[in-house]
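In what follows, chain A forms one complex with chain B and a second complex with chain C.
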Partner chain A sequence: MTKYKVSFPHLGNYYVPLERLFTRGLDVEYVVPPAITKKTLELGSLHSPDYICAPFKFNMGNYIETIEKGADTLVQTGGVCRLRYYGELQSQIIKDLGHDVRFITLSRGALSKPVTLYQSFKEINPAMSVKQIGSTLPVVMTMIESMDKVEDFVRKNSGFQKAPGVLETVQEDFMQRLRRTDSKKDVKKLYKKTTDHLLEIPLDKPKNPIRVGVIGEYYTIMEPFSNHDIEKELAKKGIVVDRWVNLTNTLFRKDWKRKKRVRRYTKYFMGATSMFTVDQGLRFAKQKYDGIIHVKSFGCTPEMDAMPVLQNISRDYKIPILYFTFDSQTSDTGIQTRLEAFYDMIMMRKGGLL
Partner chain B sequence: MVIGIPRGFLYYKHETLWKGFFDALGITYLISPKTNQEILDRGNEFAIDEACLSSKVYLGHVHWLIEKCDKVFVPRISSYGMDGEVCTKFPALFDLVTNTFADQEIELIHYNMDFRNADAEAPGFVKLGKLLGKSRTKSLRAYLIAKQGEKTQQILEGNKVREAMEQNGLKILVTGHAYNLHDPYLGTPVFEMLKKLDTIPISAARVHDKEIHRASHQISQNIPWVFNRELVGTIAHYQRKIDGIILITAFPCGPDSLINELVLRRIKNPPVLQLILDGQEGTAGMETRLESFIDIIRFKKEGYYDKI
Partner chain C sequence: MKTAYLGIDVGSISTKAVLIDKKNKILARDYLWTEVDPIGTVKKLLYSLSDQLAKINEHHQDNPYQVQAVGTTGSARRLIGSITGASVIKNEITTHAIGTTSLYPEVRTIFEIGGQDSKIILIENGIVVDYAMNTLCAAGTGAFLSSLAQRLNEKVEDIGEIALTSDNPTRLAARCSVFAESDMVHKSQIGHSKKDIIAGICQSVVTNYMNNVAKGKRIIPPIIFQGGVSKNIGVTKAFERTTGHEIHVDPDSHLIGALGTAILAKNSKDPRPFDFRISEADFQTKGINCDKCANHCEVIAVYQDEKLIDAWGNKCDRGRVI
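For the complex of A and B:
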């Protein structure tokens, strides 16, 4: 029996654990979407409603390109905002384009009702076994956790390497090896080896470096192409880039004290990722970071609602915040100019010029 | 004490309920004037640039009220029932207003409705009554009276829609959120133009049947947002009785951006027109689009296209 060729849109480097989940856990073939390029975005924008948020367009582009690459089953997740309804419309658009593929929307299953979740996974591969998924999930989780830790280390130190690009090479190597690991033990061993390697790389880090926190909307913050590689641009200038949002922190860890921490600014839950944004913004402010960068896609309502709160945090703690909104534009120039101005400003503040 | 009620967002849905509650408790309230350019300008000043037009209008209304009353009434509504979620704007509205007007002396009063956290409507109103210094029984009674009023109003509105559906003439179903459709500055001009074009505009926001929730499944199985589910259900329910559908949406409404595209793709008959309101002055562009849309429907009905 030929296996289904399943695909899921790109999100940063997370295609590696996803590949494992699909190939081992669900026993299907996984088609890694071609890397996101300008063409992907153009294709996606062409077939999307015009005032939808950018992640929809990116996903759409990914889908069309993976279909060309041979995928016959597309998967879309559920979420807490508009993302929840992406699948329904995307399947319709792909059908209208005349592609004969299966489209599976996991948002039909609810976490509160495990049976529905099981049913929607079962749709991907009717012959799947719970045992297999059960044995693969811990490996996938360990993979995600270790790659998040490595990425975090690289982000914070990339700007201070003596020879530029070494950390990134180690990280890429790690990702390649991660794809070939077999068990949880393997992953842990590889992680240990990589961290040892990373710590050996000579760094030229000042005692009191400039620190910038990145906060914002889930997709835009995690997919480097959609935020014009803003983290790397920052790191190049010799800045510690701190980002809390990743799959480990948002999916696997539960923080019961968050509500209490942000109570001064928000009385109620404001929906979707806005609470992460406010909480982390407040943390960066309290820890006296030099600046915060807020990224989101155009029209993201939860993040937009968090912005007045951030403005208040910025005023109360005297911390500069730069707001970026990304849509399907592809020119880097405007973004670089704004980043440079922001960098100059925090440099001057740090030097006591302002 | 005077309570200010902003004439925006869910005011258009719960007008009777809110007014009835305050009336029954004998509390004076002030409702901000009908939306005009000045209010929109105030909203533009305070809102995030890319926020949806309706929220800009709302903030404008809140700002108008600040100096004229003691407390501004901004309820937080997170869900209507277990599967009745709303756009994230509504759960965030209370904190959004607090933070937007942090510099100004503004005092808010609210009730919280969040079924996921077991905060239902009636206890919410009782708490609201407590904040106003009224006893439990009094506020509960006021709530029940107001709720009865709301139900009566919904039945009357439903009857009107049913009557309109039986009339002879070109019937156009206008769908959109109540706060866009019935806002004198945003949606009402569309209704007036449609009447001028000798058609019968029917507002989907005035349909409250329970059947429409089920009917929405004919078009899409799992619409998360309750307002959109009702609108899509209305389309599915009345599809055969009407001659045209106009989707009105405020730029850039989150839920509408997905649902309207789906409706445009799945409904082929009767014809559908999508109108996006962006708060610009002047209605000439909209008039032209409406005229040509109505002309197309008329030509189609008279079999004009078959003759050529």
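For the complex of A and C:
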């Protein structure tokens, strides 16, 4: 029997653990979407409602390109904002375009209720085995955790390498090797080896480097193409880039104290990532970071709601916050201008000469 | 030999240039409409500044001024910086802050509205502590005023004075230029007078600015208003009405960005003496569409007298030209 060819849209480098989940856990083939380019976004925008948030357009582009690559089953996740409705709309659009593919939306599944998750997985491959998914999930989680830790290290140190690009090369190599690992033990071994390697790379880090925290909406913050590689641009200027949002922290860690921590600034849950945003913004402010960058896609309501709260934090802690809104047609120049000015401002505040 | 420094601010609508001495005093100044030809406009400005400098140097023949470094700013800063061999290529937020604080060290808030962008810069003890810039849309900027003025068959330079003659500004939608225009037509059709509508337009620029760019920012006087739109007295008065504070507009308010970048060029550790004869050279730019991947980066190559001098726009090394 030929296997289903399944695909899920890109989100940073997470296609590696996703590939493992689908191939080993669900016993289907996985079609890795072609790397996101301007063409992906153009295709996606062409077939999306104009005023929908940008992640929808990126996902749409990924779907169309993976269908061209031979995918016959497309998967969309659920979520706590408009993301929950993405699947319904996207499956309809794909059908209207005349593509004969299966479209599976995981909206009905919830991480907290394993049974619902199982039902969704069953839809992807009715012949799946519980044993297989049960043995694969821990490996996938370890993969996600180790790649998140590697990425975190690279973000914080990339700006201080003596030879630019070495950390990134090690990271890319790690991702390629990660695809070839077999067991949880393998992943852990590879992670250990990579960490040792990363720690050996010579850095030229000052005692009090400039630190900038990045906060904001789930997709835009994690998919570098959609935020114009803002983290790399920051690092290039010799900045420690800190970002808490990743799959490990948002999916696998429960933090019951968050609500209490942010209560001074916000009483009610504002949806999606807004509470993460406020909580992390507050942390960066309290830890005396030099600045915060807030990113969101155009029309992202939960993040728009978080902005006035951030303004209060900015005022109370005297920390500058730069707000970015991304859509499908922002040019690099405008972003460069604002980032450069942000950097100049931080330098001036630190008393450095221009 | 006395030293001078050149600052050029190439904006979307107009291009400004100043020559300063080492005490930041402006020796020569000029501005022209950019008219989608930044290189040609800068050349014309350089001719004008060169003439002005020659006249000044007539009085200092034994000790003439010589331009020691160039700074550029504005949306074409990279292009113009490349052809003038600039020591400093700086974003317009920083240059406006530097320029303003050199003239008004006590300033706390800068309103800046240019041809296509608007920003607010907050200053404490002479340093920038916060700023914001309009995003995604040019509503409420010089371009908005120009297009509505044209629709009203008035010169954009005149509408500020006309606005002052009205004591009952018409309320207009300020969210978006297109909505504002249809609202304006509607208000005129139901009988609002032209002067009230013009005053309404000036007010809507301010409303838009306060609701978008300045939203959530604490505005503390002294306030300096600059950029091309600051030449519009109607907008200045609307700002005063809205904020309840006095608004200062410098006679050189359109030149502050150029002044700022000239000061940065002066302070730069990389002085590169500048020769005005550069305006006689032939500059060509060529857009190259890199087709090594689906990103199709637009690479710009700059040629001086047919020799490639600079190129940019590629995201990765595969698209490198120079």
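Basically, the second predicted complex is superposed on the first by the 343 of 354 C-alpha atoms of A that agree within 3 Å, B and C clash if a C-alpha of one lies under 4 Å from a C-alpha of the other, contacts with A are read in each partner's own complex, and residues count from 1 in each chain.
We take it that a residue touches a chain if its C-beta (ideal position, glycine included) is under 8 Å from a C-beta of that chain, and two chains touch if they have at least 3 such contacts.
Please read these numbers as outputs of a predicted model, since none were measured by experiment.
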Q.
Is A:F298 touching anything from chain B or chain C once the two structures are fitted on A? First, second, both or neither.
A. both
Q) Between chain B (first) and chain C (second), which, if any, makes contact with A:I93: first, second, both or neither? A) first
Q. Touching A:Q132 in the superposition: chain B (first), chain C (second), both, neither?
A. neither
(Q) On the A-aligned overlay, A:Y51 touches which partner chain: chain B = first, chain C = second, or both, or neither? (A) first
Q: Please indicate which partner A:F269 is in contact with in the superposed arrangement: first for chain B, second for chain C, both, or neither.
A: first
Q: Applying the touch criterion given at the start, work out whether A:T195 contacts chain B, chain C, both or neither, answering first, second, both or neither.
A: neither
Q: With the two complexes superposed on chain A, say which partner A:T325 touches: chain B (first), chain C (second), both, or neither.
A: both
Q. Is A:T248 touching the first partner chain B, the second partner chain C, both, or neither of them?
A. neither
Q.
If we overlay the two complexes on their shared chain A, which of chain B and chain C does A:C81 touch? Say first, second, both or neither.
A. first
Q) In the superposed arrangement, what residues of chain A touch both chain B and chain C? A) 298, 307-308, 311, 325
**Q.** Sites on chain A touched by chain C in the complex
**A.** 34, 37-40, 298, 307-308, 311, 314-315, 318, 320, 323-325, 327, 330, 333-334, 336-338, 340-341, 344-345, 348-349, 353-354
(Q) Using the touch definition from the top, list the residues of chain A that touch chain B in their complex. (A) 49, 51-53, 81-82, 84-86, 88-89, 92-93, 96, 107-108, 265-272, 274, 298-299, 301-302, 304-305, 307-309, 311-312, 325
Q. Of all residues in chain C, which touch chain A in the complex?
A. 75, 90-94, 98, 127-133, 135-136, 216, 218, 264, 267, 293-296
Q) What part of chain B is in contact with chain A in the complex they form? A) 48, 50-52, 76, 78, 87-89, 91-92, 94-96, 98-100, 102, 112, 114, 220-224, 251-252, 254-255, 257-262, 265-266, 276
